[in-house]
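Chain lettering (A, B, C, D and E) follows the sequence in which the chains are written, and residue indices restart at 1 in each chain.
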Amino acid sequence: MSGSRPGRPLTHWQHRLAERGIDRQLWLLVPALVFVVALFLYPFFYGLGLSFQPTRGGPFSDYVRFFSDAYERGTIWITLRIALPAALLNVLAAVPIAYRMRGRFRAKRLVTTVLVVPITLGTVLTAQGLLNFLGPTGWFNRILLATNLVDEPVRLTHNYWGVFFSLVITGFPFAFLLVLSYLSGIDPTLERAAATLGADWRRRFTRITLPLLMPGLATTFCLTFVLAFSVFPSAVLVGNPAGETRVISLAAYQAAYEQYDYPYASAIAMIMGFVELVIIAVVLAARSRFYTGSTGGKG
Amino acid sequence: VGCGAPETPGDTSGDTSGEVPQRPGRAVTLNVLDVAGNLQLTQGMIDEFVSKNPDVISRVTYSKAPAPELAGKIKAQQGADRVDIGLVLTGVDGLAAGIEQGLWVDVLPAFADRLGGMQNYLEPAAAMQKLAGNAGVTVTYYPSGPLLEYLPSRLATPPTNAQALLAWAKANPKRFQYARPANSGPGRTFLMGLPYILGDSNPKDPTAGWDKTWAFLKELGQYVDYYPSGTTETMKNLANGTAHLIVSTTGWDINPRVLGTVPKDARIATIDGFHWVTDAHYAVMPKGVSTDTQAAVLALLAFMLTPEQQAKAYDEGYFYPGPAVKDVQLTSAPQKSQDAIREFGRPEYDALIAGNPTEVPLDAKSLVAAFNRWDREIGGGKVKQG
Amino acid sequence: MSAFSRLRLDGVSRRFGGQAALTELDLTIEAGEFIALLGPSGCGKSTALNCLAGLLPLTAGSIWQDERRIDTLPPERRGFGMVFQSYALFPHLTVRANIAFGLRMRRLPKEETRRRTEEAVRLVRLEDHVDKLPGQLSGGQQQRVAIARAVVFEPSLVLMDEPLSNLDAKLRLEMRTEIRRLHQSLGLTTVYVTHDQEEALSLADRLVVLREGRVQQVGSPRELHTRPANRHVADFMGYRNLWPGRVEQVDGVRATVGSSGHRLVGEAVGDLRAGVDAVVAVRPEDVRVDGSGEARDALPATVEVVEYQGRELAAEARTDTGLLLHLRTEQRIAPGDRVTLAVDPQRLLVYPADAAQPTDRLADVVEAAR
Amino acid sequence: MATITEAPPTPSPARTARRRIVARPAAWIVWGVVVFFFLNLLGVVASVLVSSFGQRWFDTWLPDGYTTSWYGRAWEEFALLRVIVVTLEVSVLVVGLSLLIGVPAAYVLARRSFPGKRLIFLVFLLPILMPPITYGIPLATVLYKFGLAGNMSGVVLANLVPSVPFVILTMTPFIEQIDPRVESAARMCGAGLRTVFLRVLAPLLVPGILASAILVLVRTVGMFELTFLTAGPDSQTLVVALYYSMSASGIRAQQSVDAMAVIYTSMMLVLLVVALRYVNPTQLVARVKDEPEH
Amino acid sequence: MSAFSRLRLDGVSRRFGGQAALTELDLTIEAGEFIALLGPSGCGKSTALNCLAGLLPLTAGSIWQDERRIDTLPPERRGFGMVFQSYALFPHLTVRANIAFGLRMRRLPKEETRRRTEEAVRLVRLEDHVDKLPGQLSGGQQQRVAIARAVVFEPSLVLMDEPLSNLDAKLRLEMRTEIRRLHQSLGLTTVYVTHDQEEALSLADRLVVLREGRVQQVGSPRELHTRPANRHVADFMGYRNLWPGRVEQVDGVRATVGSSGHRLVGEAVGDLRAGVDAVVAVRPEDVRVDGSGEARDALPATVEVVEYQGRELAAEARTDTGLLLHLRTEQRIAPGDRVTLAVDPQRLLVYPADAAQPTDRLADVVEAAR
């Protein structure tokens, strides 16, 4: 029946699209896309548009207003002064501890579980606890006084340090667990190989583990920095929101809900997002200089 | 969809703007928003009204928010044409912010006949009502402060005049405290009371008339450790000894001692020549609520202004004395309230209230200007700007 | 890094939790030897190697390099080279830096490091790839980097843990020859872990067969191939025909066994007496297809399955009494053919049967299910 | 054969064990820091707990007396029943919706490659990367504009913004862990796409779905900023109520705020304990594949 | 699910992005055949199988089951069974439910489903394991479940993608025999993918060798083994000796080639004329070690490496002119021995050399580095 054999029949159009990876399954993405466009992208661009329609002056006048007012402009610096050191400390302190705990040991699950607790406490409760614990007559100061380490209570709340501690308490466990998971992703055989090649633990760490961990550290830094940068409730509750912890999110909040100036609030929110993305971009650019491929992790 | 800020409320839908009936056609659900801490005093009155008049208000919900957020919230709801808050209880600040934004229904003069109790206000309460204009209805009143508060165990003789206060603060650095005025009743009373004490040129004009006040605060600020973001913190610090002298009001003097946050033996002091800067809480109705709800709220307010209900405002000294209308005796207050005031109240208040002039607080615009200047020059002045 | 003349493992044991992974390993390795550790998965090969390398502390026993005890030294101070199963190349370092790593750790002069690295690169012919990262190399190239890295600092002992298991068949064959060549030309001493008996036979001077953490046999490839010490080693070494039977008669090293109605004669290995249960072991290639059906030990059978294997055929045949034989032959036989099979008594080994270990073979089963 | 040429000294067990017992100073420092951190953490939590039961607590180590009355006060003063009900309603809605939206998307992103995938992935990542306040303010503005804020729908919608991407990120490794050949095998056995999803994928994804459901629940209960910006009088969740109790006007006994905080913490802890039955702790913070346990 | 008498692949092609994974595969499969797709990793074997199964849409071409075009049907409607490399068992279903899955999908009556499942379970002898989950089974048992699941609904075609590659050597050998047996006893038609030439040779009726997505040769195991169509197939089929040379003379099917100073005579495969470059291919087992050095084609050489392989030795020897030969012999030779090697002209194949593909062998290199 040679007649029934068409020479080389045309391939079905579905095959052609499928070859490029497009088929009906992609419909499954649609709800999520609609959602992200409607609830994230649209508001975001709405805010961006709003920031160029100030109540007074030309399209950029709210930005000019922000940057020409030292009281407002200063919030960028205030925020960075809190967020950068907090994020840095969280990441750096996490490394040696995670390095110690990367193997398997009996209490590991317990330790990691306990570490998760402050993440779930949230900033508000942490703030309340810090006020009680670190306050002038809290246990912390009482211990310092009782052991004669200080003569007078150290003030650790309602200032920079209160916010800083709050960020460490909520941020450190987060950073630790992330770093731990990145570390576990590095094939332990690599360190063993380095050992058989004559590297002591110090050089195994600096030559092998650390370089392979760097991209993970950069990512961890970015994520903890984002958390710290958006500090809001703790800046109000344990900080000094009129002064040294008047962070930029507070400025944006006040513009929106105390001054009812939505365009100005949007402008501040945009500036805030921009500053954050600049920092992240710098860190990610540095990250790309490290080896970021597979680390032979078993994960 | 255009990109513009949420519009100010324009037209409101049919059932929100018509004739307000004497009684709602159907029992309403009333959402009460408290931004002044006023429910402490008035929730009992409202609950009693609801239980006695289930045909007017079938259910009531309460929620609380910080005052600064009030206008934004209401405005947003009105912009969306979905106002679900029927009654707002607010201080001067929230009331004024709303007036400026045109958020409130003008209760006066339209409904004056329904609120007979308003004829009966105490004199300073009537002054506070005048300040409120046509939108708010004064529900509670107190003379407030400024007062100084201290523990005799830590401070034997408090300063009695402004210079002595300055000298004391200098001699005892970090021991004098008041909270950020924008977040604190005592803080703002202190701020508004100082021009009277110092004899400034125009106590009603913080921008041009407060030279002595600003200079005084700046100098005082050198000896202040930090400005807490709420009065509670100053009370806590007084109690635990971190602060030895703080700014207070009649309510903040009595109630925390009742609650046990401040030791019972704390004392108050006054500064020579001080004027009471009075305070009041107002009830307002946002524009855009249905006429049924408006009717219900008006009936409720009339009920709240009766002397029997006003007696509840004695509370546990929270807003001492509390009632806004005349001839409300402590003896008609609930027993618990009487007991608390007997134990923690101060006999000297009657004389102080009678013997010192009362002043209404700043109008909203001036107050915001004063706050702003305080935030930048006094509060923020302690931080270097980058 | 001093070369040694003899390395001795003395009762080396290792437990994990309560479980013994390696029990009392005694072994002396002479300089220049190529030793293979052989055994099924989980038998403790890697454990032994890691103990030797210092990557795993011993639970008991000691390791001596000539007169020096080394089991307490950390791995970096033993000076052994190691090739890992999955290569364990440093993914962030170039091929050159990977190979030079061991020299750098020894703080050799720059110039010497460079020279010796270049030499090793040439040795494994990766001149064109020195600046690539391991991720950019094929499996065989990665393998070579791993070998070069392990031998570049001239270790006194090279340890290899299944270094070929990740390569495909063809490359495995090639690399196998290369490892042997490097071992000879560089005068290395090598301990090599594998589960592939063919690999072990072809590479090693001496084989150590492990089972469940215990040494089963140590010997030359020929010894292992022709005379496994027990039935487990026989099974592992390719004696695919393992028939249960009962000893009828033992006559010196010669035993006669009855199995499925046949009388089989072979060499007795281990403690056998008449009447005990035994296992008869024969390699498929030692089963002869004889034309003549008259031989005394002849097994008449029917061919069931035939597989083409190039020069030879692999086949299965079943005797009339139901005994299944695996065989290899160059004769052209086909399923259904009647054949007469025979096994040279020297190629037939008889072991005492130990605790029941059923020969769970699908083959027998499918037959039964028919 | 191996022969032992000379008898070595019998190894003393102490010698082989020695290296493991003596810890380096670095280890002591590290453990010291960890212990210090935990002690302070304990102090923070315990001081709230103790205070919530304290009658009066001024300048002393412990309160003057103990009482449980603050809990009753907090319960009434902050209308906690209502708040907790709202919190649960919001959380359940957010969890349900974000799973419904997120799981199919996660499936496609984990399994398929198609043009624009990287861009889409980035867009899903952004809500997690941006501070909530940055997009929260414009989002609240938009939601108010459409009448969707100030009530439960606003709170739910706002909380979906970080939750959906979070579901996608946590589900992806679970989906990747399922051998795609299992799906192919099912199809070769005659199962259509729907059957593959319902009979094969869904049962296999149950642990992943549970894990991400609980994670989203924990995060939603704890999410302050977005709820704060969009909640109305009737739709406050527990965190927001807690924040108000700390910062809104009025005189409140510190202890009743503490009591409320304890109630909040207890609720979180219950969720946490449930969560940890299904999830590796590291997974609470990031999209991390399960550590190899063997 | 209707049985067919012939399945035809007609120009089946598949690209990924711009890259061709399979190009114009033409193949006709008769009912009952056992076809093996053979080739190195990445050559497109799995792609071909998945196209056949319907798991991968074609880029071009068509597939015909007798006169019915089936390439547009989804996999579940083609009625083929498939066994996957790592089994791909449903981890949440018991062995019984796994095997019954295909029957359930076909909505057979409960009773029949039960009966046929039991039958399949018996077929692969898993009676004792029916209620276990796959995770509780050994590799070999899982393999059997996978096979039972694929054949239980009597598919008209069974596809297998390297079904044995995850098993260890011993089990692989056993399962191989079983697959062949099942194919025969159930009368299946089977397409089997592997990269192991030995496996393909032993199992299949017909082999299809792929390279870079293109068919290189289709033929019987014997054809593939003795006469690979080109040098790549030869390389892949175990012709380990591949020497470059130049054709000196072609005489019908007989070609004479000069390589490293030797004159080698063999069979010409493909288009050859005098003067062109050629590749000479010889299997190690076809290199004879002759005592006599007089034969015309004799290659005097020195043994360099010897590997023990049981009955045989594998060795490398180098002629005096530097030609390296891989050989296998039963003679006992040792490194350093002088031997004379010879290759039967019938076993020596001569191919035209194609575009340069260096024989990247570590062996040659190490030699060069010395």
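Assume contacts are C-beta pairs under 8 Å (C-beta built on N, C-alpha and C of every residue); 3 or more make two chains touch, one makes a residue touch a chain.
These numbers were taken from a predicted model, which means no experiment stands behind them.
**Q** Which neighbours does chain A have in common with chain E?
**A** C, D
**Q** From chain A, how many touching-chain steps at minimum until you land on chain C?
**A** Shortest path length, in steps: 1.
**Q** Report which of A-D and D-E is connected by more C-beta pairs in contact.
**A** Here the pair linked by more C-beta pairs in contact is A-D.
**Q** Hey, how far is the Cα centre of chain A from the one of chain D, in Å?
**A** 15
**Q** Averaging over Cα atoms per chain, report the distance between chain D and chain E in Å.
**A** Centre separation, chain D to chain E: 52 Å.
**Q** Taking each chain's centre as the mean of its CA atoms, how far is chain C from chain E in angstrom?
**A** The computed centroid separation for chain C versus chain E comes out at 25 Å.
**Q** Rounded to the nearest whole Å, what is the centre-to-centre distance of chain A and chain B, using the mean of the C-alpha atoms as each centre?
**A** Those two chain centres are 40 Å apart.
**Q** Among all residues of chain C, which ones touch two or more of the remaining chains?
**A** Correct list: 74.
**Q** Of all residues in chain D, which are in touch with two or more distinct other chains?
**A** 58-59, 141, 247
**Q** At least two other chains touched by the same residue of chain A: list those residues.
**A** Expected reply: 46, 50, 137, 236-237, 256, 262.
**Q** Please name which positions on chain C make contact with chain E in the complex.
**A** 40-41, 119, 122-125, 144, 168-170, 173-178, 180-182, 184-185, 195-198, 201-203, 221-222, 225, 235-236, 238, 240, 285, 305, 307-311, 314, 316, 361-363, 365-366, 368-370
**Q** What part of chain A is in contact with chain C in the complex they form?
**A** 187, 189-190, 192-200, 203, 207-208, 211-212, 290-291, 293-296
**Q** Within their complex, state which residues of chain D touch chain A.
**A** Touching chain A: residues 26-27, 29-31, 33-34, 37-38, 40-41, 43-45, 47-48, 51, 58-61, 100-102, 104-105, 107-109, 111-115, 120, 123-124, 126-127, 129-135, 137-139, 141-143, 157-158, 160-161, 164-165, 168, 218, 222, 224-225, 239, 242-243, 246-247, 257-258, 261, 264-265, 268-269, 271-272, 276, 281-282, 284-286, 288-293 of chain D.
**Q** What residues on chain E touch chain D, complex-wise?
**A** Touching chain D from chain E are residues 50, 53-55, 74-77, 79-82, 84-86, 88-92, 101-102, 105-106, 149-150, 153, 159.
**Q** Provide the residue numbers of chain A that touch chain B in the complex, in ascending order.
**A** 46, 49-50, 53, 55, 70-71, 73-74, 76-78, 135-137, 153, 155, 158-159, 236-237, 240-244, 246, 254, 256-258, 260, 262-263
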